[in-house]
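Take a look at the structure set out below.
For reference, chains read A, B, C, D and E in written order, and residue numbers begin at 1 within each chain.
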Amino acid sequence: MRYEALHFALRNRKLVAGTVVILVFLVAGLAGPLMFDHGPNDYVGPPMAAPSGEFWFGTTTFGQDVFAQFLYGLRATFLVGVLGGVLAAAVGMVVGFVAGYRGGWVDELLTMLTNIVLVLPALVVLLIVNAYLGVRSIGVQALFIGLTSWPWAARAIRAQTFSLRSRDFVDLARLSGVRTPRIILREIAPNMSSYLFLTFILLFGSAILIAASLDFIGLGPTEGVSLGLMLNNAARWSALQLGLWWWFIPPGAGITAIVGALYVMNVGLDEVFNPKLREM
Amino acid sequence: MLKLDGVSKVYRVGAFGGRELKAVSDVSFEVGEGEVVSLIGESGSGKSTLGRMILRLASVSGGTITLDGRDITSIKDRKEYYRQVQGVFQDPFSCYNPVFRADRVFAMIKEQYFPRAGADEWRKRVEGALESVRLDPGNVLGKYPHQLSGGQLQRMLIARAVLLDIRLLVADEIISMLDASTRIDVLNLLADLRARGLGILFVTHDLSLGNYVSDRTVVLRHGKIVEMGRTDLVFGSPAHPYTRSLLASVPRLHAKWTDAEMTDAVEDVPCAYHEAPQESRTRPGLAEIDSDHYVACADKEKA
Amino acid sequence: MALNVTDLRVYYRTLRGEVKALDGVTFSVADGEIMGLAGESGSGKSTLAKSLIRLDGRMRHVGGTVELDGAAMPLSDDDAMDEFRFRKVSLIPQYSMSALNPTRKIGRMVGELLDSRGERPDRAELERRLELVGLSKDVLDRYPIELSGGMKQRVVMVVSTLLNPSLLIADEVTSALDVSSQKAVATTLLGFRDRGLVTSMMVVTHDISLVYQIADSIMVMYAGRLAEKAPADVLVTAPRHPYTQQLVSALPEVGVRYEDRRLAGIPGSPPSLLKPPGGCRFRDRCPLAFDQCAEQPPFAEVAPGHLVACWKAE
Amino acid sequence: GGGSSTPTGPAGDGAAGGGAAAPAGGSGGAFPRNETLYTSGTQWGPPANWNPLREWDFATGTKGLVYETLFMYDPNTDKFTPWLAESGDWTGELEYTLKLRKGITWSDGKPFTADDVIFTFELGKMETVPYHPLWDWMKSAEKVDDYTIKFTFATANYQEWANHLYSRAIVPKHLWEGRSEDEVMNGVNEKPVGTGPYAYQSHDQDRMVWVKRDGWWATKALNKDVKPKYIVDIVNSSNEVAMGLLLQKGLDLSNNFLPGIANLVKGSFGIKTYYDQPPYMLPANTTWMWFNTAKKPMDDKEFRKAVAYAIDTKKIVEGVYGNLVKASDPSGLLPQWDKYVDKNVTSALGFSYNPDKAKQLLADAGYKDRNGDGLVESPSGAKISLKLIVPAGWTDWMEAARVISSSAKAAGIDIEADFPDYNALVDVRNQGKFDLVLNNDKQLANTPWLYYDYLFRLPVQKLQSTTNFGRYENKRAWELTQQLDQVKPEDVEGMKKITSELQKIQLGDMPVVPLWYNGLWSQTTDSTWKNWPTSAADAPKYPPTVWRNWLEMGGTLMLTELQPASGG
Amino acid sequence: MRRYFGRKLLIYGLTFFVAVTINWMIPRFMPGDPVQSMLSRANVAQPAAVEAMRAHYTAMFGFDLPLWQQYLNFWGALLRGDLGISIWLFPTPVSDVIIRAVPYTLGLLIPSILLSWFAGNRFGAFAARRKWLDNTVLPVGYVLTATPYMWLAILLAWALGIVAGVFPVAGAYGFDLQPSLSWGFVGSLAEHWFLPFASLFLVAFGGWAIGMRNMIIYELEADYVNYLRALGAPARLVRRYAFRNAILPQVTGLALQLGVLVAGALVTEIVFSYPGLGHLILQAIQNQDFFLLQGTFLFIVIGVLIANFVIDVAYVLVDPRTRTGMGEAA
């Protein structure tokens, strides 16, 4: 069964393409910055230079290397995505598992909480909280994204847990004297691993998008670079009007490519895990 | 050994538990050592619910369940209880976590009950248990559930229960998902276990199977007992119209349904309850019409 | 002859190769015949049933022909098959509980279905048939969710037979039911045939005792092939194939008790259909197996209407 | 964008709302392009009030286009021009007599008289009116006749008074009389009635429209006329938008900071700035870096000096601003105040970017790098790690702060740029809980006294909300500042004597570091209106801006010099 | 049914309560004093004057009361529809500021949400049954959903606005116009509206198309589809049923996505300087106008809640399963 999944995984064009794109960007983000002996914000070149052999993506109004910013920015983007995604997935899982497994009033309560957070427009809440708190680091940004984007994941996981909870092997584990947290962890979660993974991918993608929006509005981290901040800076320094397309195209394209690849990967994985879809 | 006394179960359904659903009401019977009691009834009659209450997978809403006179809810240590009482369920495939190897059910027992047992010693025990359910250990160990047949899986579950030296087994429709050719093997196995002194609560909706293995039979309908007693009496001279109609519906190999049976005319026959003497109504709502043969009133149910 | 199946082969495409789920079956069902199709799990019963109505995406029609009322059915041509479906061959699925579109009222759905097949919906006839299965006509104004499981099943039965098909296939329609409902469904099926709403019927089940109650003949499959076909009484009382014999003897009957007569199962398990062994597929489990069994025995008629695939069956 | 690229409305459709709301002559509610002046860069939010006392948030133009001041002041020439006043003179040590121009009427037709002026000044007796402190040293404003007023003072703060003379918008007594303090300060004043050349026409979230009013007094009295019939002041949403509009000639005058504009000025986009080469703009204010002198090691003037030497201002000017600004004089005084700069003092004590000197100063004062991290520790061995705060979102300053941080580090001083939100920054700044902060609150004005007041004002209070953020305590400097206030503006020599002293103290103690002059951001296009102020010989020299509080410093006069580009 | 709505209303009520409380709490427990920063902007010279003004405004905004009193007052004012006075646009009441911006935001949101939803679902269902469409056009859908709203907006603004000069990129109508019922004005409105609308529409469209495509594929596997197929029902009918059933989860999806879409609109407005709520929020943030921020936030929350409720009602109307399900069990 495992091998079968792998077999399909390797043959699924969507999954492979998505994964390749993600890996390329990941490697670029991890290894790329080592190419430079200057920081992403250093004034290293002539201002407003178009892409050239020396500066692949051109330079900003200050003469910063856009390519360097892009590669460093990838790091931040991945970091926010992973941290935000992991946190949201973790909260979503805890809430979803507990609500789904426990049922009863615990479920009622958690479902209520979930619904409340769900109907609150997350980005707007983030805007407000960010504005007040003056969140200024990637970590805190990821924290807030994680804390607001979990509800749909929790809902989905709850529903899944609900159906798994009544499966006999769960009862059997209970008959073996296994305790609840362990049952959730060892019996239920592994059965949803593909689902959890899919959830995480989606949360990962949405965390990146939310972070980019926050950065763009100027509520992003003030130090360092991220793709969203690059967009923000490009807009603020009139890159559009000055025709510095090389400044605002790459970061947006980078985000789109990463998130798009994640989504495509998600569909691919779905097809791998879900035999019904494979026939398509 | 196991005694149910006026057991009921109310499920709260709907939002905020707004509605009540009485799945089991006022059920009393006993399962003795080395005795097979079959629990028979149509779908939704509360059979599984009873089983789950005995297995402490569902809480008891009313009445008591006692094991050797001890209320089972007072046994704080669930492990202690499960060492004596175990269950096997209907769908052998869903009893195994599909992502793990099938023998994980044994590992779980070791982890929880025999953490100190040596690997070799444990292996021997498992093999012994498997052989007692007539499985070739080499054939089944180390495989994934989907690589095994339903019969094999079902027998492994019984082996798992056997590992614990249990005294009571709740077998909830354990053969209805099996092929005709394998189900009889599992049934025979149960009978063998009984011979070793195991009490078995055999839940089924297939009357012929119940008849095949059990000593006593309890017929449930809408959560209430309509008839119970020695199997030969219940099947031989069913006293309640419901039992009769059930029996009439059973397809038999050598007799086709008669035209009379095809039209459900059996309901007209009055129940035996009223003919039983007053003093024999030892259990509430049931009349003892023969030694160890009880029946409920059909008219009262209609009302 | 209503249905003539000749050497039908249908395989499943899988990763590990082709599963030969139906590997050369030849049989026929006469007009007015109710044929029970029995056999253990995985023997290819559903595959046969599906083949006759709609191949799913992974099934491949490898060979053989099917003739219904003299017309050859283009099994592998999905569009051409539409001509046969519903009008000539129809199906009562196992999943009757979920076979109705949940967001359409039943009457409307039926109307649209008939419309789409170019048939004129006959409301009166529909109501008459509903009455036949004990349903009032106002179910037509209800959504499926408003009906109980049994009602839904009866609705499906009525819908499937609305165009009086020559062949009705009922795949495991009773497996999930308790005895009293099983009986009700079985007698309804019988009633359909008796009233001439369907010409002949193929009832797929693994419960021989049940199918015995209504079937004229019973066919037993084993590992993708036919083992035996005989009139119902004959098959139950005097089966010729060793597999059938063992199968029948393993069935407990009301009244049979463990202490009285210990029944025995069939040891061993059926072969994989991925690479089935040549010859008789029951060979490994067969107490009578001998050298000749390495060769596939023909499905030969040993008595009128009694066909067996076994060298030992004379 | 906006203006020019939108289709001109189809002619003669009569659907316009009619009445006062519809601009005369416009078809379909459109403002005829050749009669309309589009400006931007002044208003950062929808126009919300037309209350001339709310000098920080009234709709731009409320003062200058509608309400007028007694005098105009031109910072380029340092000249006062009588405006509503005909003349004004110190008629005694503590007595100032003001004569008003006759024949001026309010836009509702009522005559403008001494009562209005007295009323306006007396409004300052209300606690919350921003010029309330005037009454600390002004004794009375008395009406001599309808056009003459006599002001008497307890202390003659000549410099400050001169500032009041061109800063206070005069409001009509007949309409404002009887308004409560709350109405006066917090009232919206929807229908402003003033003496100026324009009247309120309409406004929306993203614009303020003024319409020329008939019978402006200056046309007759001074032969000055404003040319644009409409002034549409576009609310800034962002600088990019302004630049986009400017490029499409949807704007005639943009007073926005437009990064990269230098490229466009050099190109063929028809965009002009005051100078056609760096720094392109007239200077408008100085950006200062304040040390919190109440904290170690900023309490050490040697350390402060070292920091001053360590800052690479040139990199800010060129890298961050692309030469749109100019590095500041060591005194921090704007070029318009050049005459008050004692060159001897600045050449002797002035600083410039010199990392070696900075290191030298540090070493001499005992600041050494003891732990080898390349950053110095204080003489006592304590680690030095300072934060330079700049409001988040002020991108140019953020960039500048990063440059400061890196050049300071290069000299061995650990300064980190930090970007709290504006509110938080204000909090810590006012409470004195910061290390270093950038600030440019004080604008160009008639007197350098304003700058010295900003630098040296005492006593230090719990909250320092507008001046002396560094809590720098120097009694002598504060005395000199007060003395400077009491020198008559004509007495330049007298002022210079004091400013020279002050500069000595300032450069010797270095409580703040002046960094660069922010420009009087202004870019214009000639497509509809021409004759903008520029450095060219024949062009007007008024400050080319419609910024709040700058119209009375020449903005209004600029409008009178404009000419239609296409002759008519 | 009544139960169902009672429950929903309870959730909405609680959400509202939580939102209001958060909203009230944050500015009061965060660093920075709005009055101080307001005065700091006022840039009044003399410290003494500042002190007087500070006292005045602190009392005016009620910051001198005990917290619980402030909280109660907040609710009281809220229920009267009074959201306080904007600091940034002093002395305009926050509700006035919001009311002026709302038409623009709704004008963007409602068409883009509804149109993208309809078009996306149609298109997704269409693509799901054509392999070549599925393989060629759907990737575009993925790219679209993955696009950050503001980037697409920037690209459109740049390409169609600045480079091609076809569309204006700022404001809601030409700066040479005044609101009137003329063709010129309406045309100008439409012209300014188009790009922000298009960028919102496109991103959302991609999402719906993909969602629908997946839903349809699942739906085509459903038992009732198999049954219809077995009865030889033509693909047309099957698709019609599948579409109808697949659209139901998309209705719920719409409710779930609402917050995201609103957020997208905010960001898009910022790019195009479109004078709606998004623009307002940004300004309120940049100007530290807590009251305006609170008001806008509340307004959006209420809007989203109402929209959610409308969707709930709509869902009940279109899906018979919920209706009966609720009548009996739930």
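The rule is simple: a residue touches a chain if its C-beta (ideal position, glycine included) is under 8 Å from a C-beta of that chain, and two chains touch if they have at least 3 such contacts.
Here is each chain with its UniProt name: A, E = Peptide/nickel transport system permease protein; B, C = Peptide/nickel transport system ATP-binding protein.
No experiment lies behind these values; they were computed from the predicted model shown.
Note on connectivity: the fewest steps through touching chains from chain D to chain E is 1.
Ranked by distance of CA centroids from chain C, the top chain is D. The interface with the greater count of contacting C-beta pairs, when A-D is set against C-E, is C-E.
With chains reduced to the mean position of their C-alpha atoms, the one farthest from chain B is D.
Per-chain Cα centroids separate chain A from chain C by 51 Å. Per-chain Cα centroids separate chain C from chain E by 55 Å.
Distance between chain centres (mean CA atoms), chain A to chain E: 22 Å. In terms of their C-alpha centroids, the spacing between chain B and chain C amounts to 31 Å. For chain D, residues touching at least two other chains, in rising order: 238, 244, 247, 393, 421, 424. Taken residue by residue, chain B touches two or more other chains at no position, since every residue touches fewer. In chain C, no residue reaches two or more other chains under the touch definition. Here chain C touches chain E in the complex through residues 53-54, 81-87, 90-91, 93, 95, 98-105, 112-113, 116-117, 143, 145-146, 156, 159-160, going by the rule given at the top.
Those residues of chain E lying in contact with chain D across their complex are 31-34, 36-37, 39-50, 52-54, 56, 60, 86, 88-92, 97, 100-101, 161-162, 165, 168-185, 187-188, 191, 273, 275, 279, 283, 286-288. Of all residues in chain B, only 42-43, 149-150, 179-185, 187-188, 191, 205-209, 211-213, 231-232, 235, 245-247, 249-254, 256-257, 262 touch chain C in the complex they form.
Taken in their complex, chain A has these residues touching chain D: 41, 43, 47-48, 61-63, 131, 134, 136, 218, 222, 233, 235-238, 240-242.
Residue ranges of chain B in contact with chain A, taken from their complex: 16-17, 52, 55, 57, 78-79, 82, 86-87, 89-91, 94-100, 105, 108-109, 111-113, 144, 146, 157.
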